[in-house]
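Below: the structure, in structure tokens.
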Amino acid sequence: MNYNAILQEIHQETKALPVIGNVASTIPELANVDSNKFGMHLTTIDGQDFGIGDSNEKFSIQSVSKALTVTLAFSFLGEKVWERVGVEPSGNPFNSLVQLEYEKGIPRNPFINAGALVIADMLVTHLEHPKEDFLDFIRTISGCDTITYNLKVAQSEKDTGFRNAALANFLKSFGNIENDVEVVLDFYFHQCSLEMTCKELAHSFFFFANEGKTKSGQQILTRSQVKRLNALMQTCGFYDESGEFTYKVGLPGKSGIGGGIGALFPQHFSVATWSPRLNEKGNSEMGMYALEQLTTKTGMSIF
Amino acid sequence: MNYNAILQEIHQETKALPVIGNVASTIPELANVDSNKFGMHLTTIDGQDFGIGDSNEKFSIQSVSKALTVTLAFSFLGEKVWERVGVEPSGNPFNSLVQLEYEKGIPRNPFINAGALVIADMLVTHLEHPKEDFLDFIRTISGCDTITYNLKVAQSEKDTGFRNAALANFLKSFGNIENDVEVVLDFYFHQCSLEMTCKELAHSFFFFANEGKTKSGQQILTRSQVKRLNALMQTCGFYDESGEFTYKVGLPGKSGIGGGIGALFPQHFSVATWSPRLNEKGNSEMGMYALEQLTTKTGMSIF
Amino acid sequence: MNYNAILQEIHQETKALPVIGNVASTIPELANVDSNKFGMHLTTIDGQDFGIGDSNEKFSIQSVSKALTVTLAFSFLGEKVWERVGVEPSGNPFNSLVQLEYEKGIPRNPFINAGALVIADMLVTHLEHPKEDFLDFIRTISGCDTITYNLKVAQSEKDTGFRNAALANFLKSFGNIENDVEVVLDFYFHQCSLEMTCKELAHSFFFFANEGKTKSGQQILTRSQVKRLNALMQTCGFYDESGEFTYKVGLPGKSGIGGGIGALFPQHFSVATWSPRLNEKGNSEMGMYALEQLTTKTGMSIF
Amino acid sequence: MNYNAILQEIHQETKALPVIGNVASTIPELANVDSNKFGMHLTTIDGQDFGIGDSNEKFSIQSVSKALTVTLAFSFLGEKVWERVGVEPSGNPFNSLVQLEYEKGIPRNPFINAGALVIADMLVTHLEHPKEDFLDFIRTISGCDTITYNLKVAQSEKDTGFRNAALANFLKSFGNIENDVEVVLDFYFHQCSLEMTCKELAHSFFFFANEGKTKSGQQILTRSQVKRLNALMQTCGFYDESGEFTYKVGLPGKSGIGGGIGALFPQHFSVATWSPRLNEKGNSEMGMYALEQLTTKTGMSIF
């Protein structure tokens, strides 16, 4: 497969696309990003790297981090994770409180905000120095020591994160947050503020494509565990557009409102895209388009 | 009307009732109250007082205070109050977040917790010393200078009030809380911790029965305004049991999970009951029974 | 009280009102009515009649009939009625299926469509010739032998009543409809097609104001039962605008999408208005205004 | 891969399982089936057949038929199908009306009952003799001319299908059913009454695994279309247990309340199971177990 040629084609096509969508405005510090940025990076299972556009520029990974926190929690706690958070698609926006109320404080899955807060709570309980230890984990799986939190972004999220504070307090009222709400929110706002390039994100997602083993050969999860998280990303990774993404792209993946997407084709490649313009569901318009083109042109989808 | 004889009859009948319901357990400091307490006090429009049972014992008025905060806000802001909170029954439990999400942060009415938090926010904005000034107002309308907050109860509510914190943050995320969430919650937990006797509560509700004028003759609201708040209590005062209370009792009133109820018959009397055992909707079992008997025996209901 | 002068004043004022709202379009046969019609009729407890405008013109009473079917069912079944339908406001539009699903097929109250269908089912079970017998009942309480169904309207509702058919089938799936769905719907569409003038409607509602006794002296319900239905109209008579109507008007009443409203002040008068323009909640814009003016000008409200 | 040995192992293991779940009771005609039946049949892409247990006994495929009706509609209408029905998981039970109301009559996906009714309506519009033509289609894709409707089951569903009648009328009220409700329901009850053996069902699902081509070589859908329906089955095929099935089994599939499941591993095999005992979500307990064992033992899942 000539990935280089395919990515070049995609790059040309994205340039011809009409300008659709808007940069996320809910977090002031993110609103300033250049809306025309576009990057994409693909890493094959045998270690080859292919990048286009702004693929070496840092961006805020935001909710893409949820795929990585659940990985770390799963590696500690195994199936116990699912006693406090489900594996079903929610059918509701990412920050909805409705379902949580009907279902007594058990979030539908770890990729809606409520579920990610419960996962954050697990990490705060299990890690000695939660923020530092999680950052170490990220550096390990990505093989990149310069990845770090953007503290301005973390602070900006905190200053405006009233709905996340509502969710955390609501979860606490059901007994599904063990630690102080403030501490859990602080961890969560930090994880969302992680900055990576497309290349670093593709490397971070490499183990999902490689049966649990990172690019540098470290086994993070078992083969079976990785399959399960891939399945979870497939059904729940794009909020209430997960079905659409599965229907059109057919790869497990996770999006973030910073405009990034991490995705993978098991045993073949991991891939990351970045374009800050979001559609009305909060997913990157051009990133979804680029990944759809990737599976169309390569004929590679899991289905 | 021989109110004295009627109250004595009711007192006898309540003693013969089976023991039903449980003391509220959500606020630890309230859980210790003696569940067998029962008091009732009626004050006629011409100033006569009739009390039975534990009518001179203090209890935590909790949500009954919502009828008094909305009075104060209404006296300041007039119809502007209804730009931020509705006048419709909610059809949901008092602390539900569901409707709030569908209706973009405008609480259905000032008697569900979300609505009371918005009212609290109005008072925090308008009063120079919110907690002190509101207490002064309560002392004025009740004519009783010894009424005060129970700081232990306020603290206990704060320590366990995660759902109220969720509601306040959720409202803030919709822009319907102006002040700091912490400050609004602090005010709210204090208003709920007010302690009164049945007699003091009946006196506090006197102006609702007396076209806006307190027992000592001070005009708190206009005649028209009082009618409107009475109407609001009638349709929304008992959470999702408001219809049942209206159907059976037919008087405007407001209940609290401390087991207290304040009610009134316009131009005739105000009345308060206290019995800590609550039914599953969070309303005082024996208090509702006593008020139903009162309207049955006197034949006095607004309908 | 000079009702004549007050009604004349109201009549003048309504003429000066801006034209707001639209005639109901869901039932084709109703859409042709002249949108500028306005009538109002008040009957005092001592039998005096006061009418203005088009108060002697027939209109389709639609959901106002629900107050009369529940009366007949209540007179047969007493409190048993409430085993199959509640007395709580719904907080949802009149034809919503949502709450019904969460609450297992027990409609919130007899004035939302689901509740009225259950009441219709009760009447179909209890009456030998349901449509004929109900019409006889209407003629009895109104004292008017010419009141009849509009068969074209009934047919028009049947042809387009898919949501009511959905509700009836849904109720049947929960076991809360005993008879054939078709038969119940046929009865329901007929009751809604009843035509009355304002005067006839005010006379039909007379017993609600007169402790259960019709204008001609027949006792339809006990005094206590009438109080309870008045309470129910107060909290639930105007769909999810019941709170607003109670807040502004403060009288028990029932509206219909034909633009009619029946209301009453216990022990003083019954009153009917008709103006086909509806607000977005499905209630008559000018009718609500006229009733608000009536209570403002007379100072008579139950609160 | 020694499928024969693996299926034999699974057969032994299922015998040792505790008896869990109950036969569907909602359709009387189905309630009489022997609850201990268990069959499984796997057909490899190169045409080999492997069966165990009661794999040659007919059962009612019920909702498994939804995967086949959407196939036929998709083959006619292409992407236009998705103008009237979505591709998102619903997060609600299969026969819920709630989401439909909030989303104005557009069902979330073609596998919940509401969506299947819209698909049925499309087929009624497009097929000259809907029931006969659809049966022909089934016989074509399965290569089995003896497959037929069970008219007793179809009648039984009609007699008790009030919730489906509610859904169809509700959809009609939103304009998302073109034909007569009765006609659409009749077609729907017939499609659900189809009877197949596990072998016939595996053969019917063969084209999903074989890029759109049936076992006898007929191209039913394009390669791209089949991928999309596989994606849809993956995210939505098991009602609100779709995430769980994806998480544990990792194969696209569709279940029915008759206890049948059709599933597939793209480019490798199609597979069908039958065991009438259902879990509380309405999916076959032992069928899900058998498929989980299949992917565990073969190591074959799409993730």
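Here the chain labels run A, B, C and D in written order, and each chain numbers its own residues starting at 1.
Everything below uses one rule, namely that a residue touches a chain if its C-beta (ideal position, glycine included) is under 8 Å from a C-beta of that chain, and two chains touch if they have at least 3 such contacts.
For each chain, UniProt lists the protein as follows: A, B, C, D = Glutaminase.
If you're wondering where the values come from, they're calculated on a predicted model, not measured in any experiment.
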Far-end chain from chain C, centres as C-alpha averages: A
Between the pairs A-D and C-D, the one where more C-beta pairs touch: A-D
Type of chain B:chain C copy interface by residue overlap (half), same or different: same
Distance from the mean Cα position of chain D to that of chain C, given in whole angstrom: 47
For chain A paired with chain D, centre-to-centre distance based on mean C-alpha positions, whole Å: 32
Numbers and ranges of chain C residues touching at least 2 other chains: none
Chain-level touch network, classified as line, ring, star, complete or other: ring
Those chain pairs that satisfy the touch definition: A-B, A-D, B-C, C-D
Touching residues on chain D, where the partner in the complex is chain A: 86-92, 99, 108-109, 224, 226-228, 230-232, 234-236, 240-244, 246-248, 250, 252, 266, 296, 301-303
Contact set on chain B toward chain A in their complex: 96-98, 101-102, 162-163, 165-170, 172-173, 181
